[in-house]
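Some structures to go through are shown next.
Presented sequentially are two complexes of subunit A, the first with subunit B as partner and the second with subunit C.
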Partner chain A sequence: MKTAEQEKITQAQETCRIPKQLALFERASKVIPGGIYGHIAPLMSIPGVFPYYTDRAKGCHYWDVDGNEYIDYMCAFGPMVLGYHHPKVDEAAMKQAALADCTNHPGPVMVELAEYMVDMVSSADWVLLVKNGNDATSYATKVARAHTGRKKIVLCQGHYHGVAAWCTGPCHAGIVPEDHTNIIRIPWNDLDAFRKVVAENKGQIAGFMATPYHHPTFIDQVMPSEGYWKGIRETCDKEGIVLMVDDVRSGFRLNQRGSDAHFGFKADLICFGKAMGNCYPISACAGREEFRIAASKVFHTGSYWFAAVAMAASLACLKEMRDGGVVEKMNRMGKMLGDGLKDAARSHGLEVIITGPPAIPYMRFANETDLFRMQFFCAEVVKRGSFLHPHHNWFMCAAHEEADIRQTLGHADDAFKAVKEKFGS
Partner chain B sequence: MKTAEQEKITQAQETCRIPKQLALFERASKVIPGGIYGHIAPLMSIPGVFPYYTDRAKGCHYWDVDGNEYIDYMCAFGPMVLGYHHPKVDEAAMKQAALADCTNHPGPVMVELAEYMVDMVSSADWVLLVKNGNDATSYATKVARAHTGRKKIVLCQGHYHGVAAWCTGPCHAGIVPEDHTNIIRIPWNDLDAFRKVVAENKGQIAGFMATPYHHPTFIDQVMPSEGYWKGIRETCDKEGIVLMVDDVRSGFRLNQRGSDAHFGFKADLICFGKAMGNCYPISACAGREEFRIAASKVFHTGSYWFAAVAMAASLACLKEMRDGGVVEKMNRMGKMLGDGLKDAARSHGLEVIITGPPAIPYMRFANETDLFRMQFFCAEVVKRGSFLHPHHNWFMCAAHEEADIRQTLGHADDAFKAVKEKFGS
Partner chain C sequence: MQNSTDMVRARLHLGAVLPRIAEVAARDKAAQDIIRGWNMVTQFQLPGGDPATALIFKDGKLTAQPGDYGGAKVTLTFPDAPTLNAVFQGKSKQQPRPSVNAVFHASKLKKLDGLLARLDYYLRPSAEMLKDPEQFAFVVELTLTVLTCGLKYVGENDREARPVVAHMPEGTLEIRVPGGPTTHIEHRAGKFNPAKGSAARPNAILELRDMDTAWRMLQNKVDFFAAVGLGEVRLKGSIALLDPISLLMDRLDIYLNPK
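On to the complex of A and B.
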């Protein structure tokens, strides 16, 4: 006979929507630190509701290992921009794969991709192709130091540039204070703070790196203030500071020429990743003519960086993005989603705040200080078949159609109703 | 009418074996810093002879863009271990690709791969999967610091662990002295030197990282002295120092259980890459039980790290490696090549020195202090259809057959003859 505790477990398993995935996760926890690590770790999601393992994906939909289907608003946390299994991208990748991928030398497609990016991207006179976004941001800091002969790098508080020690917060395990000897952090959107550190570190600052707008986790996104980037650009020019834009998360979702173009300025060095390859592993640092010599002096390489398949995929992705009105569509769909969510919330007597670009929205409840409402809301939406994250910005893609948004708004309507019932306001 | 100079250029173009690739490189040099960067940069090869761009590859053969065919002894600088387009690996990758690659979550294959590695690799009680080899080595240093609460990392002079600033030599552009505040470099194979820095930095050293044997560029490889690793292991145990082995280059070519197993000791943390995925982009840090908690505390993530295709490829690659006598074959073929090269040299009155494991050999001329003979020799071999590198270790793969080696030894015989004629000895 079962004990009360065993009965509870059996009941939980019966009502669980992800039993196969929990079994997989239990196996994983024995052979992988934390079971699933990094930005997709379970502690970053809603335990027992959020899926853990993907079975298959197509367009803006995917299915978890337990057969649950989702309309995807995280898009692999950014890399998916045209839809999973986009025919043109996959065809280009497969065509290249049939020839060669990672060999002793790059494929000719490296030249074609670099030429295409130089033509397409506002601040690109040259481009260096890498794997991780963090490979690009780390490279940029080296180029800035090589170019200026200076050491210090200014970053904005709460901006994420990857997991390399130089850009990881001091609170994280394994990071030591000396990792940040030459790093100065200032508040986002604070031109005076920048001018102050520049004055205090006259002739010592190699570069300033920031994301084109502020996209933290857990809190609202903040667009650049009027005149912010113009002021940064002017100060950098005046003081010989290299202006580096980390466009890894936002690149090609605000503007196909890069997010600096979107905000009306030119970066010296600009880093891309995610959207540039529609899920194929590729990132890049592009830069202006002035920095070409320093860029070619820095030794930067990796075992898989010259692999041709991801480059072929990226070239096809960028071509589609340029020709297909992709940025416009993502922002239109994002606006439809955002407006719809606000309306749906209002119809239940609730208010939600949505910040950031329509293609990369962040939502929270107006009256909330913790994330309980948002977690509950996302759980209810996820159960119904749309994947929304409670504390990370979402990503739109060009495969989202009005029918998808309408379906998600239906899920959201039910979820807002449940929030109202549970929380009262 | 042509000037003498123009005539010379025309003549050079006519006799050039890589005209299409030089034209591509000229285009590249306008849009990519240095045209081709990193470890495959032209300055790392023999200009005008070495191919620049791969058209296609199959087994241990590949063809450059000008249609020249090569038997490959660089194997993509390591990642190719079973042969390009290995049917089992590609089939596993394609099967996974048809389902999903990079999505919001890993695929179930992440669990299977981690379980397989824990079972196969001597020092693996857990494994964390990443992209670049350098992602793994950087992670290992963080785990060591998180585990010990100490800051300093001891490395060996001339050991390559990637391009992150902490492990890049101070002579490189963009590297500042503060990048190495907590790094101590000691000579390879010098147990006394290690014991000395440990005594001088009592209680301050988080970890020691080294490659399992010394595989520098430009000079001979050096295997560990008798008792070296045993002594390192004992000192680390006594002083609570984390022993990290960077097996990215050598992993799975010396021993399918890891190179620490090959040399009769156990690493605390061991990093793999290259051979583990047969050219698909994947690397890993594996570790022992004791370090699991620290390993799970370190925040380490990347946009493409959970992509399922490379994991499926890696699982198929490791299975093939374990079942197929792959390590034995690579070393047997490497020995046949090495013995044959020595004999061929001797038959022309020359002497070559070959160091390192047979599957990862490094060759030089015994009487040479510069690399002129070696460069000339490799150029002559490359022209005849075998790809050998003049100053980097070579890599054998399981697709090398005796017929390939015999063909290459024929190329080498001609090349040694040419060396003898040109240099006299």
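On to the complex of A and C.
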């Protein structure tokens, strides 16, 4: 005998496109807080329309548990960069798995990967390998404090560095004001604001951390203004402040040497994740020579940080990216997608704004900021088989081919028509 | 002191909770019987008149007006915020100090406790009351209004919420239950304007599937992420506006339901 509540859920499942996933989610909600938590929670997308659970994936395509296929423009929210199940990466991982993964000691591949990154990354004289981006950003702040003997860290408003207490926004559950005692937030792209807090906190600021460009959720991305990073670099040098770049999201999608190289400056510490392992769990903090001693003194570890499979996968991934012209291809495909979307919108009398680098685009309708159209548009596109997110920047990957983009533009054309019919403009 | 925890809580009690007595008086016969024929203005307040809320009785009707009432009135002044809060939380029966002119309304003022008890009756409903669909619907509506109005006082006064509000986009959030109550709250430059009913052009919508879901949410008994995934709660529009308001709701719960 079903309760009224269960009956409602059953009815909803029968009329929707993801009935098996809703049933799975219902089970999940009983044993997992939130059902699915964090950035991939249904709450962040369009619940009831967007897929909840993945069945399988290959290249830039994946299939949900109900059998719906998608061309993927979120790429696991960044980690997939070469395509799911890339043969060279998977082969390297399997080869290492057959030898050893998580044991008492790291494998030789740890040294090989670190050497490769030091050779490849512009500002890396050393590398420390971790699991998630937040492991790397938290480590970087400790290195900055250890190096300078100072407490305060300056961040930019709206920049995401992970979910540790120091970088989670105020008032979130479990966060207390004291977690931010030594955190100062300033507006992005505001060199004067940085100089002002430096002057007001002379000799107290250990480091400044920012993403290489502004990539918030819900609103447009903003590239660094002319002279911004040069000015930040100069001020940091003058005041003995450690310049930390959180390149977790954009790293290796703008430039294989790191996004600081892309924007023409050198970070003191730079954090990578996502694209460096093609979905294998690995991240890194790289740094310049003068921070090596402080880096060596910071105690930072984790049970799985030395697992060798992800390191082997990462090495294969980075080699493929370096040798395969991947950055150029992702940006070319991203431009084709962006231009095509603008044209398709225009053909229906609509205008869309696309911001950020072509490989990491963010789209919204020009005549709204509250995203009603965007949510409707993305739901329509998802129903037709392309996975575009309404609130978050998208990610291109090397597996996207022109045929995929053309297919998605066809989905988008239908969706723009639906937007026009529903909203009028 | 001005925005201490006790003072924010006092603002909430006077600004978001007490005014609901007008909605109770509009439907509750016991309350109507008490105020029949009353013509006076009674202002509950802290010393100095900030915060304050005036109850305006006119020909048996009652309206409530948060803020200092400009005209002639009887004032009932609590000595301090903790005392006021204790009274509103049912932990104290200490009477506020009446102004001198209260002597002219002494018989009515004696009945004020009985009137306020009717508010308490609906805001702390019995299990029996919740089984009656009509009573339940009113309780949900009343509590939703307390929440919506409470967001104003937390958003404008809570020190911990200040950085959240400082970066919150301007716009209007509508909270609605299809076939049930709707409220909305507008945010402009750090100031909040709550109201009952639909918004003309909401920037974000929080839709609760039914009254049961609404009541569970108002009791802080909903796993919000799971409820959204299951379709019990729907979010549309500016998540950038919804997200900080959900943080304010958490702060509001801390004030109204201290552990």
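The definition used in the following text is that the second predicted complex is superposed on the first by the 410 of 425 C-alpha atoms of A that agree within 3 Å, B and C clash if a C-alpha of one lies under 4 Å from a C-alpha of the other, contacts with A are read in each partner's own complex, and residues count from 1 in each chain.
One rule holds in what follows: a contact is a pair of C-beta atoms (placed from the backbone, for glycine too) under 8 Å apart; a residue touches a chain by one contact, two chains touch by 3 or more.
Keep in mind that what you see is a predicted model, and the values were worked out from it rather than measured.
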Which superposed partner A:276 touches (first subunit B, second subunit C, both, neither): neither
First, second, both or neither for A:399, with subunit B first and subunit C second: neither
Contacts of A:307 with subunit B and subunit C, given as first, second, both or neither: first
Partner chain in contact with A:42 - subunit B first, subunit C second, else both or neither: second
Which of subunit B and subunit C A:57 touches, first, second, both or neither: first
Which of subunit B and subunit C A:415 touches, first, second, both or neither: neither
Partner chain in contact with A:345 - subunit B first, subunit C second, else both or neither: neither
First (subunit B), second (subunit C), both or neither touched by A:158: second
Subunit A: partner with more touched residues, subunit B or subunit C: B
Contacts of A:198 with subunit B and subunit C, given as first, second, both or neither: neither
Overlap of the subunit B and subunit C footprints on subunit A, listed as residue numbers: 28, 33-34, 36-37, 52, 172-173
In the complex, subunit A residues that touch subunit C: 5, 8-9, 12, 22, 25-26, 28-29, 33-37, 41-44, 47-48, 52, 157-158, 169-173, 177, 185, 217-219, 369-372, 375, 391
Contact footprint of subunit A on subunit C as seen in their complex: 160-161, 163-164, 167, 169, 171, 203-204, 209, 212, 223-226, 228-231, 234-241, 244, 247-248, 250-251
List of subunit B residues in touch with subunit A within their complex: 24, 27-28, 30-34, 36-40, 51-57, 62, 64-65, 72, 74-80, 84, 99-108, 110-111, 114-115, 117-118, 125-129, 131-135, 138, 141-146, 151, 162-166, 168, 172-176, 178, 181-182, 248, 273-274, 279-281, 283, 292, 294-308, 310, 387
